[in-house]
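Data block below; observations after.
Think of it as A, B, C and D in the order they're written, each chain with its own count starting at 1.
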Amino acid sequence: MKRIAVFTSGGDAPGMNAAIRAVVRTATYHGIEVYGIMRGYSGMIKGEFVKLDSASVSNTVQKGGTILKSARSQKFMTKEGRKEAFDQLVNHGIEGLVAIGGNGTFTGAMIFEEEFGIPTVGAPGTIDNDLFGTDYTIGYDTAVNTALEAVDKIRDTADSHDRCFFIEVMGRDSGYIAIPCAIGGGAEIVMVPETQMSEEAVIETLQNGWKRSKTSFIVIVAEGEKEGNAHHVAASVKAAIPQLDTRVTIIGHIQRGGSPTAADRLLGSQIGIAAVEGLMNGMRNVMAGIVDRKLVYTPFSDTIYKKKPINQSFMRMVEILSV
Amino acid sequence: MKRIAVFTSGGDAPGMNAAIRAVVRTATYHGIEVYGIMRGYSGMIKGEFVKLDSASVSNTVQKGGTILKSARSQKFMTKEGRKEAFDQLVNHGIEGLVAIGGNGTFTGAMIFEEEFGIPTVGAPGTIDNDLFGTDYTIGYDTAVNTALEAVDKIRDTADSHDRCFFIEVMGRDSGYIAIPCAIGGGAEIVMVPETQMSEEAVIETLQNGWKRSKTSFIVIVAEGEKEGNAHHVAASVKAAIPQLDTRVTIIGHIQRGGSPTAADRLLGSQIGIAAVEGLMNGMRNVMAGIVDRKLVYTPFSDTIYKKKPINQSFMRMVEILSV
Amino acid sequence: MKRIAVFTSGGDAPGMNAAIRAVVRTATYHGIEVYGIMRGYSGMIKGEFVKLDSASVSNTVQKGGTILKSARSQKFMTKEGRKEAFDQLVNHGIEGLVAIGGNGTFTGAMIFEEEFGIPTVGAPGTIDNDLFGTDYTIGYDTAVNTALEAVDKIRDTADSHDRCFFIEVMGRDSGYIAIPCAIGGGAEIVMVPETQMSEEAVIETLQNGWKRSKTSFIVIVAEGEKEGNAHHVAASVKAAIPQLDTRVTIIGHIQRGGSPTAADRLLGSQIGIAAVEGLMNGMRNVMAGIVDRKLVYTPFSDTIYKKKPINQSFMRMVEILSV
Amino acid sequence: MKRIAVFTSGGDAPGMNAAIRAVVRTATYHGIEVYGIMRGYSGMIKGEFVKLDSASVSNTVQKGGTILKSARSQKFMTKEGRKEAFDQLVNHGIEGLVAIGGNGTFTGAMIFEEEFGIPTVGAPGTIDNDLFGTDYTIGYDTAVNTALEAVDKIRDTADSHDRCFFIEVMGRDSGYIAIPCAIGGGAEIVMVPETQMSEEAVIETLQNGWKRSKTSFIVIVAEGEKEGNAHHVAASVKAAIPQLDTRVTIIGHIQRGGSPTAADRLLGSQIGIAAVEGLMNGMRNVMAGIVDRKLVYTPFSDTIYKKKPINQSFMRMVEILSV
């Protein structure tokens, strides 16, 4: 293998730059040339290739976002688009790809490989932590800490005013972000897609707290299908318990940014190295991940179709700790 | 003066605890007893008084919120309620008050003094910085830094995805929080009540940027009358420039919490000392503030009715710096 | 089991309060009374017992340090002292202990149990992460992130001035803190007790970098036996490469403080619950830990005498990433 | 004026990039070309000039350090060196300079102007805040907040262990950084060059506290002439009060780095604009500063020879607040 390329695709996540840096330096270390492709599959089609060397990634490990930018590409969903992308890779002499992203990214890579035979090793880059084949995804730890800092700040004002705050955190259809925010943020209730706690149950819990003369509450709400979920819950609660002084905060896109935590820099670095060395060892259509502290390569077909269940003991923890 | 009381009222603000601590220790230093009244005027009426000494405020200077809690009191708006409050003060032997809050708080204190003769010195505690008689209010610097950190994080993801973010910050009917966020956050546009920039002008500026192949934008929107202002602007922009990938973030209540900055701890401490020493010197119906680095006492009538204009040169700065 | 007690001992670590809170609430959840013992074994001897309930630990999960304080006790190292401690426990009706600390703490507990039969379950609370029986100790993740933020700040000034910084981090006789700081902080070199890199090798690496016209460097030095190690290395380097503009920073005790990260709050909570439920299930002389995301109880004899090796692949990562 | 250049010199300070950005964009706004000179006077002599435009300074306002780097130049202290620098400026067609730095920088600029007639406007960039002609210097607010966060973390562990910490902060021969750290950090004692508090007085204060059964203390020590001052004080205290468990932390170079606070970004921006517009208006040998919220240009001769006194009331505040 003489030359590879790396790109980021899908939602950006803190630690992606640590992974890019690791890809570049590992390739360099092994005498392989490396290109960066700007804006994911979109840039692959348009030929936005940039030669990268060790100095290109200096002073990037601590930066949020992705220096290679990210974009969604409608065109890559067509055979014609993928053909153009392949031609670009051939023209640039690229023999292997490292794709940093989530399941959408890996699905594209898998189809692409079937059609054109270009090997790809994936790196799990998403704040949502919803990928099978790795305990944690790159960006998850940072997103949780960012959300938790916001919860800490809100508790200051919730306590001062005896209010009930509904705080919506990201995480698509999983409670991976919501649950540590609830446990670590001292929340009374956490609403996640996995358990589908009813609004009635939320109301009952708050009423019980109110009777025990508890006056300030924090309810963490996973955004679920779409942003704004917390507003619905808050409205129902307010209708049922009018004396409660309710407020809603949607933490939103700040969860995607910021300097990555130590854990995300370390994970991004481990995975970036593993992705390049995987390609060198002839791997393709697999995602590099860390499971129980060991490096594991999981077929894209598994990362895409298998579901990583949430630790059920965490749900019990919220119940015990809000006693 | 043998015994005074201190309370916080209105929206909480980081640095209020630094002010409370300074009130308690200054009183102690001068041999005056001091009580804390919980939940502002509401607790004054209900008799929620707590004796405070030097140790009571240990390890509080770095805490957000207010250890004395805050609340709104409908009852204090009635003569009857104020009579009950006065009786409580008399029963506890309170000869003077330090009121930490904003104009609503000071208006109450002024009426109360007219009716019952209890002297109050005010301390400007609000994140909004909209009080005449002080260059900065306690909590303002922290709120600006919190909002700015959020803007920094959002820029990471805005840049990665070539998006246009509308970020709504607090500040009621002033642009005090919005403007430093725009200048310090590298925003292209800032919309504040003081200038009433039209949506047409916003659209034009963004279109011009787009033509110069600028692809990511940040627009800071002061919340103005009510939360959610940014959604309206974003919708209008999206309708006019459909190719723009727009997103909205309402920073919200996190701006009220968090550990106070050095400036807010220092200001809270200065004002807390000045409030007690003002009472000792026979002052009443005045707010302690810092103007041009000097301690100034301003009559409540001025803090309430006079408007502190925003520095016009700041508006020009946004224009120059977004060149 | 009707009544238990919890205490912290040895060096404090962020997340200890999360563990204390979890102990208190889990006991309460199961109908067990719980006392806090102030200042570890010292307070146990002196009878500094405080009854704790759910409200006692409200608003503590986000706090650094330990609300139960910590101290070293010479007296507990004597049979006589332990007898006094035992008498205090009997007088307070304590039937089991949760000891949050490190190996010194567990050694004491083990001897104490042999002599007086009081069961103890341990919780690994130390920033050093040097305990066998758990992947991570409570406080480690926070300490690493604190140290890494310091490294980030220093790189700003190292780059601006083309300097070589020797940054000393904590971690006693292991490189657990140093290594992620090196990988995540973009350091050129990491010196840890596990590898005993010679000063000659450090000098050679820096000289090679200098020849490649690299001008700013970061060397992470694990403190090892005693604080100040970095000064020695820096002096040797300066003697060998006089043209290098060297500086030393000892990050020091800030690594012990600060609000715990999400990971430490979660870990502290998990372990606190597990410790109480371990006691309820008749366990004694074991430490609760998380290994490969599963709860594990390890005999004190193993936590004390077995060594947790550092992941060797991390050393290779530093080499690859500083290419 | 057709073309100017900007450089940073002396110790770096957070907010310097905000100033550079403002210089570049203000020049651009007014149709003036602008060059950056790398490494201060050293780069001026060597001809390290880089053309800058609006895009060059995108995404720099939030960064610590200085993108133009800084260095000390022995050669510029010679007439010969300054002649070479002048020739470089002439060759590049530079008609005016913006010098961001401290008194060493301005002294050089003043001599240079006398000899060669190149006008310079200065911008006060130093964390030390020791410049006459501006209330605050660029970088000061960030340094204070960084130091204060360190003090907050140390208090966590000081309280947990009942220890007495001596914390050394930067600030050369002034207490500008030390004093807000003491007031905002809840320190018992602050030692600054301005008051020359004796070690005997420190010992006495600590002994008095100890007698009142106070067990943890924080003493803030301004570094003064050279780093390590705190070690001497701590040793003297330990000798006099052996029962005190003393520790020393030198906060060190982390105070120079990090993302600038809102105040420093705003100040850097204001000053950067003012410097360019000052040059345009024919000014030379002056420093742009903000005094009492108003823009002021002060002759270099005053900034260099006049001393900005510290606010004496702050010293009294420390005494009152540590009651």
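We take it that a contact is a pair of C-beta atoms (placed from the backbone, for glycine too) under 8 Å apart; a residue touches a chain by one contact, two chains touch by 3 or more.
The chain list, named the UniProt way, goes like this: A, B, C, D = ATP-dependent 6-phosphofructokinase.
All values reported here derive from a predicted model rather than from experimental measurement.
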Greatest separation from chain D - chain, by CA centre: A
Chain centre separation (chain C, chain D; CA means) in Å: 35
Geometric centre distance via CA averages, chain C-chain B, whole Å: 39
Residues of chain D touching at least two other chains: 152, 155, 159
Pairwise touch network: line, ring, star, complete, or other: ring
Each pair of chains that touches, named by its two labels: A-B, A-C, B-D, C-D
Residue numbers on chain A that touch chain C, as the complex places them: 18, 21-22, 25-26, 28-29, 54, 58-59, 61-62, 135, 141, 144-145, 148, 152, 155, 159, 180-181, 183-186, 259-263, 265-266, 269-270, 273, 292-293, 311, 313, 317, 320-323
Touching residues (chain side chain C, partner chain D) in the complex: 8, 12, 14, 39, 63-66, 69-71, 146, 150, 152-157, 159-162, 165, 247, 249-254, 256-258
